[in-house]
Structures are given as structure tokens and as C-alpha cells.
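Listed below are the structures to be examined.
What follows is a pair of complexes built around subunit A, which joins subunit B in one and subunit C in the other.
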Partner chain A sequence: MSKKLFTYNHDRSLFPEKGQDGKPNIDLSSHKFMKIWHGPQHPGITGNMSLELTLQGDEVMDCETHVGYLHRGFEKLMERRKYIQCFPIVCRVAVPEPDFNEYCFASAMEELAGIQIPENAVWLRNLVLEMSRLQSYLMWIGGQAGSLGQGIIGQWSLYCRDLVLDRFEELTGGRIYHMYIIPGGVRGNLPDGFLKRMEETLQIIESFMKDIKKVMFNNAVFKKRTVEMGVIEKDWIYKYGITGPNARATGIAKDVRKDYPYLKYPDLDFEPVTSEYSDIYNRADVRRRDLLLSIDLIRQILAKIPLKGDIRAKTPNVLHWKVPSGETYSRAECTRGEYGYYLVSDGSEYPRRVNVRGPSYTHAVALLEDMIINENIADVAGLMVSLHTYPPEIER
Partner chain B sequence: MKEILEKVKRVFPLQNIKKQRENLYFVETEKIHLVSLITNLRDINGFKHLVLLTAVDRIENGVFQLTYLLNNDELKIDLGVRVFLDRENAEMESIHHLWKQAATYQRELREMFGINFSGSPRVDKAFILEGWDGMPPYRRDFDTLKYSEETYFPRPGRSTNDPAEYMKQKMYPDE
Partner chain C sequence: MGKINDILSPFTAWKHVVNKPVTIKDPVSRIAADRYRGFHKNNLEKCIGCGTCESICQNAAIDMVPVEGIETKHGDSGLRPRIDYGRCCWCALCVDICTTNSLSMSNEYIWIDEDPEVFRFVPGAEKKSWDTRQAGWQKPSDNYELYDPQRVKMGELSPEIRHDSFVEIVQGFSKEQAIAEADRCVECGICTATCPAHMGIPEYIKAIRNDNLDQGLKILYETNPLPEICGRICTHKCETVCSVGHHGEPLSIRWLKRYIADQNPADKYKEILNQGNIDDKGKKIAIIGAGPSGLSAAYYLSLMGYSCTIFEKLPQAGGMMRYGIPEYRLPYDQLDKDINYILSLGVDIKYNATVGKDITLEQLHNDYDAVYTGTGLHSGRSTRIHGTEHKNVYQAVDLLRDVSLGKEIPVAEKIVVIGGGNVAMDITRTIARLQKQKYGKVQVIATSLESEEEMPADREEIVEAREEMAIIEPGWGPVEIIIENDKITGLKVNKCLSVFDEERRFNPKFDKENQKIFPADMVIESIGQGADLSYITESFKENLEMDQRGRIIVDKHFQTSLKWFFAGGDIIQGPDVITSIANGHKAAIGIDKFINRNS
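Moving on to the complex of A and B:
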């Protein structure tokens, strides 16, 4: 791995001394510092989130994440709704990747209720989760390139994403929110000719990904701005609760699909994508390869899916469905890392407590606030997107 | 997992050990032992990953339940450590020195449930609800209907259906 081509050493004697907490002592009345708001709109960040940056010159001295622009109180809303009424709410927790919410909520509920879902529904759930991963990565790759000045990549990848959304539309009826994985199974079977159209879509995406690799990953400007930038050390993984591609880029093969196999992942042939050094460039590369892995997994699923059989288990009347009391945690690997639902039932028709564990909760607050210090303001956007942040899952 | 729990049980009081599934257990402990128990689990028994920290309002018993969900990456096992706090003046020791992201969870619990984690960084600073000075909204006794009626206004000419009644009419008209 090549090191940074340019290094410029500031005269550190002009910078403030660090306090006991490791952050610089900032005296705003000294007029050496400037506070700016970065956000709440960002390219590549789906949702709104602000960074309150304190700068000296163009270098970040302190950072505080501000969320709350998208708080809709879903966890509280769900306590006042029956389980089936929660089902159209959960997908809205993470806007560009709703299916993981649907799956985690449904599987936690099925575990407490002791329901086994039919084989065909398991395959269909697996297919939808991988399609969701594919479209989410396509959206992210446009944001990552856009935040570093490469607008064309976003136009290509959003075209590809639209093709995946077309497939979602014919399978589920919805493009963004699918409400497909329902407690007890899924809502519908594959339409006629879906396999052929999906294969065509995958081929188009593969061909665009070759171009994206050439234009983005071999681009000198992109390399200069991302290699050795925003490094995540291996020993931060547990200290900050880092999961997903951010962790895998350090060389640790942490992947829920492999570590805690769910759905049909044990029947699929794959290895978690890793790298050796988690800077922006390598994290982007891990995500690109994970996207290609997702295409491979969709092909494997389509080759093995039974195409017939029940898609829903028999469930009680959903309006009077009392889930036995208990608590559980259900997890899945989404594009950002470990996604989970902690569900508590008190035996009534309403969930007692639902808590959503979104990976951005740890990545975009504790981790980002610490790793952004001493970076240049021009790199803040790229660094933020390289953690793959979705603010809606922070505030829910 | 049983061996770990037996070993830990010799040092810390653990109650209501429950096996939810093959790789998920829940245990209860007392408030004063919690931080040392979690430190022990993290440093000696390999539960290095804090998956989440959340609260459940058990208003009928006058307590908050805090759940610390820890994960052991080598054994691929999760352990939920539960502790109960008095609802009045709910206070808990902070664990931000063990995991950096714990400060964010504690800040949210302070805001949403009113549980104080003294010493936790920025714990009194607004996290999600800027300018909120009412009752912490995730408590069970916070009345969401009353809040929306007081805060928002009905749009003229718009009718609403009770969701439960409406679904019943559509899906089970004969019942």
C-alpha cells in the first residue's frame, strides 16, 4: 500500500495543547478558532445530521455530532400499537435499507411466538436481504465518490440502483419501503420471468462496476485523498463497538452472516470480505467487493430457491395476537454492520419495548467524533461517508 | 456458557439465569455489582463487544430494567445482563470507561427515561430532543395521545379511522 504522496507538517507550536481527555484546550475568545456547522445535508448521507466543528485554520480541532432532525419516536409508537401495526413502521427506521428492520422484527417476534416459517419464505427473505444490500451499496458508492468530487459515479450507480428498485417493485409492489417480510413469512412469491430479469440486472450492474473500479479506484485524485486517511486501528474494534465493513477492513472477519448464520446463509458458499488496513480507500474497496459478493449470493439463491410452496406460516388472528412474554435479540448483517432488534414482550397484544441497534449509532457519534480530530475540513465529508452513516437509525 | 456462568456466580450474585436460545442468555444482578461484573465479563471472560444498552420501564413494579447486551466473539454467545433501578431518582454508574459508545447510550437513556449516569460525558446535553423540558417521553406514564392533542391541531376537512377498527372491517368483517 502506497503512503500519502504529500505530507505537510504544520508548526504544532501554534496549536493548542491537549487536555486530560485528549482533546485540545479550546479558548474561543482567543479568536484563533472558528466554529462551523457541517450539515445537516450531506452528499451520500441518507438523512440529516450535523457536525459542529471547531477549526483552527482548515484543521478540525473538535467535533460534536448533532442528531435529532429525523426523530419520529418509533420505539415509543410501537409500544402503543399491536404487533401487526408495528410492521409497516419498522421499515421506516432505516430509509435506504428497510428490509433488515423487517427481518429482525419479524424473526424476533417469531422466536418469542415459536413460529417456524416455510422453506420457500426463508429463501425469499434471503433474496430480499441480499437485494437490499446490493441497492444500499450502490447508493453509498455514489455518495462516497460524490463527497470527493466524482459526480459521474453517482449517476451510474443510481441508475443501477434504480434497476434493483424495479425488481423490488415487481416483487413487493414498493420501491423504497417494501413491507414484504411479514411476521410469519413473506407477502408474495416471485413473479413470472423474475429470474431472467434479475440476471439481466445483475449483468448490467457487473459491467458498471468494472467501469467504476477503473474510474474511481484507479483514479489518482481519489487515491491521494483516501489512502492513509481516516484510519481505524484494529484495537478500536471493541473499544468503539465497530462492526461491518469498517471492522472487516482492519482484517477482522466479523460478519454476522458467517458468525451467527441465519436464514439460508449456511447453504451459501461465501467468505467475508476483508482487507488489511482500514483507511477510506480500503473501506471503499471492501464495500465494492462486498457488493460483488452480494451479486454472487443473489445468483446462488436464485439457483437454489424452490419457487413453489407456502410462503406464510399459519399465525393467529393478527388483531388479537398475544406474543408470549419474554425477551430476545435478533440480528442480521446489513451494509453498515450489525443490525439488531431487542424485543420485550409482556404477553399482551402490544410489544412492551422495542430497541433498534443500528450500526451508525456507534460509528457516527463516538467513533467519528474522535477520528475526525486533526483532519482537514475538505476531508470531513469523505470521511463521514466512508463510515457509511444513516442518521435515521441513530435517532429512530 | 454454563461453565462461564458458574465461574462468575462464585464471585458475583447472579439471579434468574435464563437461556433464551443456544447462543443467548439473560441474567440478573444487583445494581452495586453491575460495573464490576461487566468489567469481569469483558476482561476475563471474553465478552468484549457491547452490543447495546437499553432500558425497559417496568412501571407496575416501580422499577426501570437496564439491559446490557454483551457479546463474546470467540464463543459466538450473547449475554444480556439485567439490572433493576428504582424509578424514583433513577441513577446508575456509568460504563463509558469500558466502551466509548456507552456514553451515547447513556446520554439517550438520560434524555428518554430520565436515568442519570453521573460522570458520563455530556450526559446532560440534549441528544435527540433539543429544548425538551417535559417528562422524559419513553417513560410508560408519558401520554402520547395527550401530547399530540396539545401540540398538533386537526386539519379541517380530514377524517381519520381508528386503525384497529378499520383493519377489522377490512380483514375480518364477519367477526
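Moving on to the complex of A and C:
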């Protein structure tokens, strides 16, 4: 009985023939197909992005991704801003996880300028990046559950995220855009009592994560809709340039924190979280465990962080800071994978070129278009969230 | 088993049914964190309107606007930042860079109004409920600086090396030092507004940063043809107001100017400034006195095509710059570098030519199209206390002049200098050197009416004088010079309680009970100088407007009531070199206007 209830049979006989290019011959005038727009507002991702879907019945035959709804031209804008003026801009590139932008931009600049930031600031940067990962996963997990119809998870996880934002607020002065990792260092030491409040926050999150495991992961419906769904094959990883949990779920331990150690990661004890098989379920589970790893890392950092000390290196006057000419690529592991800034300086007060490598571009444009074929329309949102996409970083 | 568990497990969510919902958080009465970046606050008394906040704001959210009740004055543009919350992204960079730390943010972030216009206001000027809040973003502590508040240290000869010689003390910046110092400038222009000559300070500082010293020199000469000199001895009013000095040390503007001039060799000036091929206007201007104002007038007039002749009473040009300022502050070769360039433009100069004696003003009036006078203040004023008629009482200006002329001056073993200005410091330090050479030890006391804080001399002059073993005794009023057996034995002084009254008028108050005698065999007076205008004969004086104190009245172009006669420099304003230079420049423009109108 239960078997029948959850079984869905693809009837391949109804499918259009494939043409020579391997793509199905879609003849819209045959009235066998339907085009619908999934987006730009939809439950699949945080931010605006559209999928132009061609359906036959409820099955996706073809998909074209459309971006551009969030284009703010930041990369270009920065070419007309002094370096310090780029600092408040970069965080806006990826709204839900701004700190990686701040870090990559600042560290690229510091590398070109040959600036060593104070030890204390290195620890604080590390802390902020892990806090950012934590809150970003908390937001994602609500989306993943919500896209498959589970509202309660999002309510819990966004509550937990709010607690992390409270900590961000007291440390950085902002909840969403922290503008904390400034070229040359950071903008503040830990406030009094921060360690205690952070520990309380972590414990609340841990307790909710236990519930989430029970309610979301040990859940027949969730499993039915995610196991064996949206599989990413191991050999696609390098073909598409897949990184982060999407890649690690296939068993490849790709993690910038280990592969190209930065900040204090060499001093922290951790192993990249992996799984054997990258379907939606396992990807979700890798993220869940990565979230718990983040909690662990935050504890490790807070145990070692110096509680006071200088927070910013001596730099040239920011109003006319000329970065020596050269180019560099600075990267970090964000929740979606490898985040990077490619910075070119011509030696003037303005960056010549800033290029942001957000992992969402790879995952949500190239990969998604191929993965989504033959999936059921009802699974599209869940599949999209399982790639963990932040459209603003696609459109810089 | 696993399957059954997967069906039952989700029901554990029900345990939260007895808990308070996590989704209810109150955003209205919630108090934001102490560091929250909310609406701005500004302490308008502290703010100087430098506009640095405006320059850093990448959103152009800040406009500098006039505010009622705030006047433009030296060191304050009179403008205040107005913030447009339609543009502001709450980055607080404006707070972090604020040169006076007047700007901060409150932790208030909720404000609802139907009128979009209200979200653009001048913090501090329009009262807001959050103005008094303590919490909110402040500039971070812990060595967080967006520009370096500390000066690059200037190399100086140590007191031991310099105390018996007249070698220049300040060594000047190296290229690295100059660029590092220039980097500190926030380009606000507060200094330009205060500089009497309105020199393009942020512009030439920028030229230093860009290592474009040709351009730097051009900028200097736009408003000041004596940069080597000013780069050494200018009273640097600009530095007193420099924004960076509000929480740190002001830019070393004077040394930076000197750096540009020092780095450009004299023989390159012609090529860099490229001022050849000036059309001769066929008009002649006579200039009385080759001091800073006369030289400046000559320079700018020559550039306009006038042929200028300077009449100088002394054997060399420079006026007070040569005959008043000791060589350890302003070496003669540097003085000559500036003067020679001006003379190279075709300015004719007659030395040892005293107007009123060797040639009359009348003759100048007849032979030239206009006359400019900048004869300065060369006669020392006396305290007129009992004993000043004694032969061992001297005037500082006379002694300083004699030193420059290469004459030997009397140096007693114990000397007291009366005065607290720069001239007093100059003579004190000159005497200290001569005493060191002659007696191997220094016994000179400089005493001023003003307290240490009020002494008009530059701070570094006082410090350096002390380093050279001179004793500075501020806050004493001279009573009499004690003479026994026709010999000076000391100066009797009263404690001075205050120099000025409530209305800032000169009205010293003394404590007659508190008296002291400074031992001395010789006294030097340096309480100010007066002008010698005897060359303006009665026939001219009839029509020349003067104020009650005998100063010539001039208009903004330094034109007197005798239309052909212009006057500037210390006899009109100042006294200081840069004001004189500015006067000379303005007078040159005035003379040009006058001549154009008449021809």
C-alpha cells in the first residue's frame, strides 16, 4: 500500500524524440508542451532568478536559466571607487553571506600591498567567517525543508540564525552587512561577555539541530523526495567546476580550508565533511554536519583567540591608498564552495578590475540546466535549494 | 525498523507545542547593540567642517552645508555634514575617518515618517531623540587608524652639535619621509583657507605623493615665490589649523614645502616654471624694500610684463628674512636661491639705496607708473623702563641685523632678553651660540610678559632654545634695569598675572609682592618693532589716509588713498613673511588694475 502511495513512474513513451544534438525535439506548436516561468520569485533560492521550463505534463523537458534581476554592476562600480570605498560595497555581493566577500577583497588587497595584519585580527576574521557559515547554513536549512513543504524547520532555524545575528550585531555593529573585515584588519575586538553569550547561542543551536535531525532528516517524506534525487556524479566535479558540499557529498574532500589553508585553519582541528553519494539527501546531510563542524570550530577559535590587542595594521591613508600594481586571486571556503576574488591593480588608487568568483554561478546556471531535465516540476524547488544558490553572487 | 522510525520521528516536533514560539521577537522596543550603526550624531562644536566624511562616503550620502549659527573662521569651514538616509549604507566609514572624532552613530534605527525630505538632515543641528544616547558606533579603539595621526620625525642636529654653530638645524625630509608625511593629508583644504597666501597646500602635497616635484614647484610659485624661505621659517598658521592635528599631529606642511623646493635645483627652475616670453607692457614700477612683500610684488608684476626696480637700503636683498632671522634657521644660500630666481626674471635692484635719502619718493612718483612700498618694521620698540638709556641695553633687531652684516656684536657673560616672540627667541638663541663660542657656557635668560601658553613664539623655538641651554622665564613684567656704579647688574621683574583683560585688550596685571631680579650685565629688548616711514614726506602725508595709530590705510588691493602708491608687508599687516608675500601678490594685481584703468 505504502509502496504505491509514494511511487511515481516515468512513462518514457510520451517523451519527445531526441534530435542529433542529443536534445529533445520540442515543437511548441504541437501543444504537447507547456512553457512556464519558475521565478524570479519562488521558493527555490534566496534571491531572484528565473527558470524558463518546458514541460510535458509535469515533467521538465528543457530548462533555461535567467539571471539579471539582481544585477547591480558592483564589479564595474568598484573600478570607479577608491579601495576603501569598495569595502562597503563588497559585502553586498552575496547578501546572505557577506563576510567572505569582505575577507577575500581585503586579503587580496593586503597581499598586493604586502601588509601583514595583527595576529588578533586574523583570529577575529576566522571567527567571523565561521559565524557567517553557521548563519548561512541555518538560513539554507529552512529553505531546503520549506521547498519540500516543511515550514517548521525554517521557523526554528531562522530563530537560531537570529541569535547568531545578535552576536554579529554586538561584534560588528550590523546584523546583515557586517562591514567588519576592513582592508588592514578588522573593526573591533570582542565586546565584554561575548564568549559567554556565544556559547549560549551555540547550545541553543545544537539543541535545535537535534530536533531538526529528527524532524527533517529522519523523515520518511523527506527521504522519499530526496534520496536518489538530483544526483551529481563524481566525474562532473571537475567538468563543471563544482565545489563545496555539492562536491564533497560525492566523496571528494574538496575544501579550501584544507586545500589552501588560510587564516588560522592550520591551527584548528577538523576534517572536511564528506559523503559517498551526492543526491539531495546526502548533500543536505553534509551541510548539516558542516554546520555542526562550524559550531565546533567556533568553540576552538574562542578557546584560542586573544581577547585584546591591535586590530588593524598600519596602512597608507585610506583616502589615497595606492595598491602596488599586480594581480592576485584570494579564496576562501564559503557554504556554497570556493569563494574567490580576482583583483588586478594598475598601481593607482582605484582597482583596475575586481572579479568575484561565487560558486553559485557554476552550480545554478551550468549544472542546474543539465540536472533538471526529466525531473518533476514539484521537485524543481527542492533541487535548486539542494545546490545552495545565492543569486546576488551570480550577478556582481 | 528504520522506516517506522522515519514515520514516527517527525512527530517529535510536537514537543515544542508547549514552548513559547520562537518566531515572536519584538523589533520595536528592542535595544540595539552598543556598537550598532544607527542614525548619526555630530558634536557641532567639535566638528570643523573639514568634509573628510564627505570625501570617504562612497554613496555620496554626505553634503557639506552651511548651518545657522556657525561662522566660517580659521580652522573651520563653517559647513557641517548633512546626511541623506536615502543614500547612506550605514558603513560608518565617515565616523572612522572623522578628523575630530565629532561624528558618531547612535544605536537608533527605527524612524518612520511620511515625508521623505526629513530623512536628510544635519546631525547635531536638528535635534533628534537619539542625540543624547551613549550607545552606538564610535570610532574603534585599539590602534585603529585610517590614516597615520603621527608625524614623520624630522631629522635635526642635536643640541650638543648645534649649540655653538650657525649651521642649519632642521635637515629636511628624504623622499621616503616626505611621501609618508604627505600621505597623511586628508585633502580637506582647511589649511588653504587659513594660509594668508591661500597656497594650494593639498595640491602640492599630492604632487609629493605622486613624486611629481615639477608640478609641486609650479603650484608653490602660483601663490608664493619664496618657497625655500617659507619652507623653513614660515609661521605655518596652516599647521595650527590642520584637521589632522585634532586627534594627532598636524601635517608638517612647512617641511613638505621645503622638500619640494630643496629637491628642485636652482638651475632647473627656469625650465620647470617655464615663464619665458613675457610681453613687456612698457610700464615701470618702483618697489621700496627688497623684503618678502617687495620681492613678491616684483615677481608677480614681472610675470605680468611690468619692469620693476627695487630700492633696497641694505647691501643685500631679503629684508628681515636676511637681517632678522638667524642663519641656523634660514641659511643664506637658500635665501639667495629664491631671491635670485625672482631677480632672474629681469627685476632690477638698487642696493644701498635709501628712499628719502638717496632718492626721494617724489622722484619715484615722477619716474614710475606706480610705487609699492614694503619697508617693514626695522626699528625696535623700547619698554621705556628705568635704565633703558644705558649703553648696554640693545634692541634685538639691531643686533640681529649686525650679525647678518658680518659685524661683531657685544656679547656679555650674563644677558637678559625681554620679549616672548619669535624675534626674542632668535636673539636669545643667537646670543646662546655666541656665548658658547666666547665663554664656553650659556647664561641668557629670556623673559616675557605672557605665560608659557600665551607666548607668541613658535612652540618649537621655545623648546629648542631651552635645549640650547637658554633659560626661558615666562610670566614676568620688567620693572627696571638695576644699574650700580654705571654698570648693569640685573633686571627687576614683577610676576605678571594676566596680559589681557576680558575684552582681550592689552592690559597687564601684576603681583607687586612677587618680585625677582634676573642677573645681567647686558639687556636686550625685543618687545616689538615699529616702522620708519620718514621717506613719506609731508606733502604726500597730507593726502595719505592713516589711522589713529599712524598706519597707512589701504584697500583690498593694498592701494592707498594716493592712487599710485601701494603699501603692504609688515607696515600694513602681520608681521610675518607669508602675510607679506600675500600682500605683495595682491598689490601686484591691484597695480595691474590701476595701470590698466589709467592707460
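Brief remarks on what is shown
Definition applied: the second predicted complex is superposed on the first by the 382 of 396 C-alpha atoms of A that agree within 3 Å, B and C clash if a C-alpha of one lies under 4 Å from a C-alpha of the other, contacts with A are read in each partner's own complex, and residues count from 1 in each chain.
As a working rule, contacts are C-beta pairs under 8 Å (C-beta built on N, C-alpha and C of every residue); 3 or more make two chains touch, one makes a residue touch a chain.
Keep in mind the model is a prediction, meaning the values are calculated, not measured.
Taken together through their common subunit A, the two structures put subunit B and subunit C in a clash.
When the two structures are aligned on the shared chain, A:N355 is found in touch with subunit B, with no touch to subunit C.
Contacts of A:K214 after superposition on the shared chain: subunit C is touched, whereas subunit B is not. Of the two partner chains, subunit C is the only one touched by A:T172; subunit B is not. Within the superposed three-chain model, A:Y329 lies in touch with subunit B and out of touch with subunit C [touch as defined at top]. Look at A:I311: by the touch rule set out above, it reaches subunit C but stays clear of subunit B.
Of the two partner chains, subunit C is the only one that A:P88 touches; subunit B does not reach it. Once the two complexes are overlaid on the shared chain, A:A303 sits clear of subunit B and of subunit C alike. According to the touch criterion, the shared surface of subunit A, contacted by subunit B in one complex and subunit C in the other, consists of residues 81-82, 84-85, 317-319. Chain contact summary for the complex, subunit A toward subunit B: residues 67-68, 71, 73, 75-77, 79-82, 84-85, 111, 238-241, 254, 259-260, 317-319, 326-329, 331, 338, 340, 342, 344, 352-353, 355, 357, 361-362, 365-367, 370, 395. Taken in their complex, subunit A has these residues touching subunit C: 81-82, 84-89, 152, 155-156, 158-159, 162, 166, 169-174, 177, 179, 185, 187-189, 191, 211, 214-216, 218-221, 223, 308-312, 314-320. The touching residues of subunit C, counted against subunit A in their complex, run 3, 5-7, 9-10, 12-13, 16, 21-23, 25, 32-37, 52, 55-56, 58-59, 89-93, 96-97, 137, 140, 142-148, 183-187, 206, 209. For subunit B in complex with subunit A, the touching residues are 20-21, 23-24, 26, 48-52, 54, 56-57, 67, 69, 73, 76, 78, 80, 99-101, 103-104, 126-130, 137-138, 140, 142, 144, 163-164, 167-168, 171-172, 175.
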